[in-house]
Amino acid sequence: MANDLLKRKKGIIFGALDEKSIAWKTALKCYEEGAQLVLTNAPVALRMGEINKLAEQCGNAPVVGADVTNMDDLKNLFQKAMEHFGGGFDFILHSIGMSLNVRKGKHYTEMNYEWNQKTLDISAMSLHKVLRTAWDMDALNEWASVVALTYIAAQRVFPDYNEMADAKDLLESVTRMFGYYYGQKKKVRVNTVSQSPTRTTAGSGVKGFDSFIDYAEKMSPLGNASAEDCAKYIALLFSDYTRMVTMQNLFHDGGFSFTGVSEKLMS
Amino acid sequence: MANDLLKRKKGIIFGALDEKSIAWKTALKCYEEGAQLVLTNAPVALRMGEINKLAEQCGNAPVVGADVTNMDDLKNLFQKAMEHFGGGFDFILHSIGMSLNVRKGKHYTEMNYEWNQKTLDISAMSLHKVLRTAWDMDALNEWASVVALTYIAAQRVFPDYNEMADAKDLLESVTRMFGYYYGQKKKVRVNTVSQSPTRTTAGSGVKGFDSFIDYAEKMSPLGNASAEDCAKYIALLFSDYTRMVTMQNLFHDGGFSFTGVSEKLMS
Amino acid sequence: MANDLLKRKKGIIFGALDEKSIAWKTALKCYEEGAQLVLTNAPVALRMGEINKLAEQCGNAPVVGADVTNMDDLKNLFQKAMEHFGGGFDFILHSIGMSLNVRKGKHYTEMNYEWNQKTLDISAMSLHKVLRTAWDMDALNEWASVVALTYIAAQRVFPDYNEMADAKDLLESVTRMFGYYYGQKKKVRVNTVSQSPTRTTAGSGVKGFDSFIDYAEKMSPLGNASAEDCAKYIALLFSDYTRMVTMQNLFHDGGFSFTGVSEKLMS
Amino acid sequence: MANDLLKRKKGIIFGALDEKSIAWKTALKCYEEGAQLVLTNAPVALRMGEINKLAEQCGNAPVVGADVTNMDDLKNLFQKAMEHFGGGFDFILHSIGMSLNVRKGKHYTEMNYEWNQKTLDISAMSLHKVLRTAWDMDALNEWASVVALTYIAAQRVFPDYNEMADAKDLLESVTRMFGYYYGQKKKVRVNTVSQSPTRTTAGSGVKGFDSFIDYAEKMSPLGNASAEDCAKYIALLFSDYTRMVTMQNLFHDGGFSFTGVSEKLMS
């Protein structure tokens, strides 16, 4: 299924680590829908080299490394992207999250606060930095669309999600705040997509993830949404069909978010 | 802009009164995106005759009258639709609302309770009746999509909206409840779209509507969403790009819903 | 524990069926905190005679039968209460819910629509009728407080709750709408309390209730709130400590509402 | 009005700057209701000396300086408090917020990121540090109650609130997360109170504050809640009447939060 939804659209995809990544699948989907892309990830992630495969499959999209907490890196990335595109562009996917406290198995009540500051910076305030770089360089075209990936732990407690719950809350707040300003200034919309738990390489880091995926599958009337489904949904949020949707958190989860308990789970 | 988003899809549109109706524009948009349609409205609305113009513009779509509070009428409508389509179909738009208390200028604190019962029946429980008719006749294909139009008065008080606020709340609850069951049974998704105030013939009935539209325009970072924008968004919710979204209330309002106050309004 | 929280306060308690009722315990608690009471229930419930025991324990509070869907009954009740109190009063508890579809085991997708109309009328619009009677008779004093009992099924799907989910949504909307008007007019506040599943005689009618109580107990960090806890909380909402809280839905549930999953449940 | 609601309760109040502070009024109210107190604030705030007046009015409550971002300071504070109380205690008020970007007039889209990190640390993660210190030292008694002050900018955009909106979102997430763990461990509840805009010394720093207070006053059916009202409400959240309420954000705002538009505002 492809419908030229993104013909003549250009955008940057942050966070494609490997084939399981939602960002990876979103890049492929956007390309399939007619978009031109620039790919980016943290320098350390680029060194793994997988992203070059993706770049080839996306019409030899440029790959530019950038540490999302570093304003100079972001400026460099946006400059290269604007050179490549010959001007402004139309969408950004922010699929970025990292928690040292989760990785190192620190319990929420015993978190290392320096690591926490990094988590908030990389996973949430990075969206501010990305948007602000675009704002300062006037890099986004009118009616551009920015999507960040989030998770329902921002609304309700899922204990294993740890400090990433706080980070996602912060991310959703930045989405609303910057969305307000960018909407007023240049009709740019900013939304989050709150996706089902997904078996990505990043997701696997979370303790008890497999049994939780199973729980969510039983709870969701349509089952869990796959990474491919999510990629399709994001592509559409970059299209002109969704121009008036902004500052929203959009659940893409098979109905999990509004199911209190399911018969499957109780039996 | 048209992308064959609804190629091979078939659906019923409820509530196209005249050219200003969101349902009218949605029908046109769906047809443009490749869908086959059946149109329906209350017999009294059909008598105005406008809908035949729409039917012509939609490839001579059949028009079938139905009182949405009457199960026999709905059954007849669904039978005719299934005959026309040669089987099940893929989407339904529920764009139905009527309040006698609003029309006759009864204040919320002085409502006529019999009229209120009609309001709830026509504006909210009708969605249950529509879905239940589909359910009983197995009229919807797997992964079908149902959208009902609602308004933010279901979440916060907008005094002039009167008893329709209660009706929309009830409608959103039916959406979740039936969405749960239909999702589990046959992967059918059910959502509401919460649209900006829109200058339709129905909307004009509401007291103070013009100054309110102005207020919402100033409050929304992107301005109010138009009926055309809404039609596009609904078409997309009928497409396969949104398969895993269900039981949601989706704000399509230029950011109004998450703006507490705007600088434009304060100045 | 009693602190004269309701000294000099007067109020009506709807819905005390038997000793397990939240309304029953609330009446006792309010009396203990210094309030004067009038008790009421549907005539058919009064015939069971239990309520007279309660009346004795509350300083021989008058018991007045009233069908909450009947405006004449409500008027009579409020007149008798005002005579008894020697004027206006300060609080109302609405603890009323009845679903024929639940009682008779009708599945949500197969509901009887006439019964549904009764359910909505008795369980939700009755709050409008109660408030409107107070409004018309100017029965509530300034800063009076009205509380209605609701359940989280108004926000998320709990399948066994059936059409009562829709009724509670409607009830919460009426709370906001009438709360807006009564707040402006006479500083009267109106709120709902969303209580943990509770083993009352009414609750027992719901299919699968015992295993659900167990589920909620495991999900809630503090465990389920008891009927006694709820009575205390309601008493406090009638006191002058909560004067500026209105149009809210207040979860009283040990944290259930914001817990997505608990470790107890997963293990 | 005082009812011994907090007889035999002991607690720490953070953030009483001067007579206009909500924390100041809460301290007075808690003392009036029978509580024993320890007062604390940042060393720089203590130097102003006002807090000693408050300490006198609260039965010569000890005043202990603490930088809430410093774990050693917090440990010292809790040790002194436990010595003073002769053991564990029952409540904490977290009324702490500081934004350098607001103070120095930096626009949200131009924030200084180092200042932002301080803002998040002082205004939000400080709650984690406070709770974690209590947790590690087992300083809170069973059924203790922790309240943090927040603002509706965490839910909807109020542009002048700037980065404090993000900080409050983060604060509310910490409330839920730590509330989950502390509830399970020791029945401790943690909630936020989302208060009307209030003319405190801190509040006055926000640009356009006066006209905004006016706006909120017109929007709220009961008008804005005062600092005194808020103090009463918080005292009650420390009492045993609210034992089963946890992980909630409680609006104390005269109905502002659920009013979409008011007739007063439109006219």
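Read from first to last, the chains carry the letters A, B, C and D; within each, the first residue is number 1.
The rule we apply is simple: a residue touches a chain if its C-beta (ideal position, glycine included) is under 8 Å from a C-beta of that chain, and two chains touch if they have at least 3 such contacts.
These figures come from a predicted structure and were not determined experimentally.
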Contact-richer chain pair [A-D vs C-D] = C-D
Among all other chains, pick the one whose mean CA position is farthest from the mean CA position of chain B.
-> D
Roughly how far is chain A from chain C, going centre to centre by Cα mean, in whole Å?
-> 43
If you average the Cα atoms of chain C and of chain D to get two centres, how far apart are those centres in Å?
-> 31
Please list all residues of chain B that touch 2 or more other chains.
-> 156-157, 159, 176, 179-181, 247, 257-259, 262-263
If you look only at chain D, which of its residues touch chain C in the complex?
-> 1, 3-5, 176, 179-184, 187, 189, 196, 220-222, 225-226, 229-230, 232-233, 235-236, 239-248, 250-255, 257-259, 262-264
Chain D residues within the chain A interface of the complex | 108-111, 113, 116-117, 120-121, 125, 128-129, 131-132, 135, 154, 156-157, 159, 165-166, 169-170, 172-174, 176-181, 247
Which of the residues in chain A end up touching chain C in this complex?
-> 152-153, 155-159, 208, 211-212, 215, 258-263, 266
